[in-house]
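Two complexes come next, and they have one chain in common, chain A, joined by chain B in the first and chain C in the second.
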Partner chain A sequence: MDFSAAGKASTEAKRFLARLGLDQNLVKRIAIAMYEGEMNIAIHGGGGSAELEISTDKVEILFQDKGPGIADLELAMTEGYSTASEEVRSMGFGAGMGMPNMKRNADSMIVDSEPGAGTRISLMFNLSKTGPER
Partner chain B sequence: MKVEDIVRILDAKIFAGEEQLSLDLNSACGADLMSDVMAFVKDRVVLLTGLMNPQALRTADLLDIKVVVFVRGKKPTADLVEMAKEMGMTLMTTKYSMFLACGRLYEAGLRGGGVRGID
Partner chain C sequence: MKTRADMRPEAQTGNFFHSVYLDKELCVGCTTCIKRCPTQAIRVRDGKAHIAEERCIDCGECIRTCPKGAKKWISDPLAVMEGYDIKVALPAPSLYGQFGVDTAPDTVFLALRDIGFDEVFDVAWGAARLGLATKEYLDAAGPRPMISSACPVVVRLVQLRFPSLIPQLVHLLPPFEIAARELRRRLEASIAGGGDKGNRGANRTTDGQPRIGVFFISPCTSKVTAIRNPLGYVRSEVDAVFSFQDIYAPLKKAIQRRKAAGESTCAGSGPPSKMGRIEGLGGGFGWARSDGELEALNVPGAVSVDGIDNLIALLEEIDNGKLGDIPYIEALACPGGCVGGPMVVANPHVARTAIKAVSVSQKGEEAPEARSFNGGFDEGPSAAGIGRSADAGFEALEWEEELPPKPVMVLDRDLEKALAMAERLEELAASLPGLDCGACGAPDCRALAEDIVKGEAELDDCIVRLRRKTSDS
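Right, the complex of A and B next:
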């Protein structure tokens, strides 16, 4: 598994959002959620895509992968639960905080996944309010 | 606590970002799991970690963490040093273990850290 590029898109997205002059706390929330999503795609999804859409009142990120899907969503959303391999853990990931961190930072999170059918996760961040203080 | 104090207390060697010695920090996070770092968000943080890969620096960068200490004498590779310089980050290595490095900083007055309740 090649992880060397994982996280690069989120780093670039963060710089781009910061240049737009968005609130620093909001930029950090988006960057964390996107990084977790990006790592999940690299770890579990076998590669995939993240689309970032910015409009006047919100930022949306759509993650899509063709991985094995999520068998038990409730478990996947539980802090500390992870199905990541030892190899992934040895690289500093698989703490079982990925999806909970995404949910905590986004204003809304929709997960669409079935075993064998891949995973789509949609995150939305309101620009009109400051959101949860971190 | 200033970066230069951290260097002294941890008897650390700096590999990048020597220009930030007077940067003032008030909290620390010691972790090898990057998602745990991302669940911990404070301002003016020093990250202590045993994880030496690009993701450790990317995680720090995303959280606006400007100072990273590698514990147990792990020296960063040339690639990581270059990456840290591009990110404007201070990288250092201490001979101390995670436990001892955190303990020394705490004892010296760096007390800020994330505390989360147990549900």
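Right, the complex of A and C next:
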């Protein structure tokens, strides 16, 4: 498991968004969701990708991995529930807040996963709703 | 008399005053500094470095790193003192660490008198006062972790690079400003009450009052900037900032004279009186070094960070919504804290040990003291209790105005245009070699891409790419 790059995607996303002059709170919400997503991919997904797509009215993030998939989505969305290994927990991760944190920060969240078929999570952040400061 | 307005021209070319500036004569265009700048504010163009004013946070990293000494600072010349009737020194706590472990704080304090100051009011007093207020401030609910705002570089860095963390900064005045305000209030009250026996007054103001000059003796470029462009408050009560380097030689001489003569009191005015005690905190001197603020505050689980890279890494984590279980961050941009400031003389590690000795020696006093040679401070009724722990509320120290985010990275005010530029920037960055060699004059390939998109550079500035192109054809 590689945690050395943890937070890298989030940092890059923040750097990109800083060039657009978006509302600070929105940027923070996106950064938090991005961080949780990339950590999930590192912990459970065995590697994968995060794509950021921005238009004038919304920001979308698509996470994709080829991991084991999510067996029980409802459980996965429950705060404090985690399937992370003891090893991961001992490193301070796997507190069971990743998915709930993504949902809380995004305006919409779609999870597409089947055991054995990997996981796709798409998050959407509404630009007009949060009112960019411009 | 020189005033704040007529500083050297190099730093005055735009809307922002900066203490840090470039001496073009000395700059050889070597690109060492551009890599170290935490806000990517420097570019080398036409063989010389250029500092983008809107991005510079006056941290002094480039001063430390420039091999040619071309990065300099502006501080006020000692001669500005001449324009004032009552000259007050506001020594930063770290000043007491500049003269080795065997120099007692009282000796430094008396030597300040010898070189022309009428009064000394320790910034350590402001630090201790801020410590008490911060403890109370932290009791109130708010986002965690709260981040100390005592270091102006931290405040400017947050404003520029981590604006979403602005609410997490402690919205209280910095120690030097707290000390300056308290000192001025006491002195004015004392003068009004006839306590000023010095009969000084060559520079009296129009209403006949002696002109009080408050001179902050600072290790730090960002504080020179902070009194001219205050953060969170409207106007600084500090009149000028002297660097350690400027004051070191005369002060050292005076210290040596005192040591040689064995003098521990001021001729004619007896030993310094002890005023302005703050009970309950070991003293503000420790704030001169990393961990000192935390030791004074004693907040369980609080974290100390120093050095600009460490600071950025920690802020990055907080910005990712992490570390919410940590109550408080002592954040100092210079390595080792203020003893490592860009304008210091003594080796920071030696100064750190000296400061520890000062903190221990002052512990019995229960407080840093505001001291006076001439009985100038009269703690009249209005001042009573200001420093006592029972009265250590934070309200009186709160920022007077909001700190706005400073979105210096925004490519265009129009989102559509900014998006198009950002996309082009990413494409360009992908097409560049990714060596981040700095030969183009930008700190890394992405910064060059940014400059190209903004029309400030061109693709052929990349020598590596150009060479590959020519060898391919």
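Definition applied: the second predicted complex is superposed on the first by the 130 of 134 C-alpha atoms of A that agree within 3 Å, B and C clash if a C-alpha of one lies under 4 Å from a C-alpha of the other, contacts with A are read in each partner's own complex, and residues count from 1 in each chain.
Simple rule for what comes next: contacts are C-beta pairs under 8 Å (C-beta built on N, C-alpha and C of every residue); 3 or more make two chains touch, one makes a residue touch a chain.
Keep in mind the model is a prediction, meaning the values are calculated, not measured.
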Q) Which partner does A:54 reach: the first (chain B), the second (chain C), both, or neither? A) second
Q | Which superposed partner A:10 touches (first chain B, second chain C, both, neither) | A | both
(Q) Contact-wise, after the overlay, does A:101 reach chain B, chain C, both or neither (first, second, both, neither)? (A) both
Q: Give one of first, second, both or neither to describe whether A:35 is in contact with chain B, with chain C, with both, or with none.
A: both
Q | Partner chain in contact with A:20 - chain B first, chain C second, else both or neither | A | second
Q.
Taking the stated contact definition, name every residue in chain A that is touched by chain B in one complex and by chain C in the other, in rising order.
A. 7, 10-11, 14, 24, 28, 31-32, 35, 101, 134
(Q) Quick check: in the complex, which residue numbers of chain B touch chain A? (A) 32-36, 38-39, 41, 49, 51, 53-56, 58-59, 61-64
Q: Over in the complex, which chain C residues touch chain A? Could you list them?
A: 161, 163-164, 166, 316-317, 319-322, 405, 407, 409-416, 418-419, 421-422, 425-426, 450
**Q.** chain B contact footprint on chain A (complex, rising order)
**A.** 3-4, 6-8, 10-11, 14, 24, 28, 31-32, 35-36, 39, 89, 91-98, 100-101, 104, 134
Q | Footprint of chain C on chain A - complex, ascending | A | 7, 10-11, 14-16, 18-22, 24-25, 27-28, 31-32, 35, 54-56, 101, 127, 132, 134
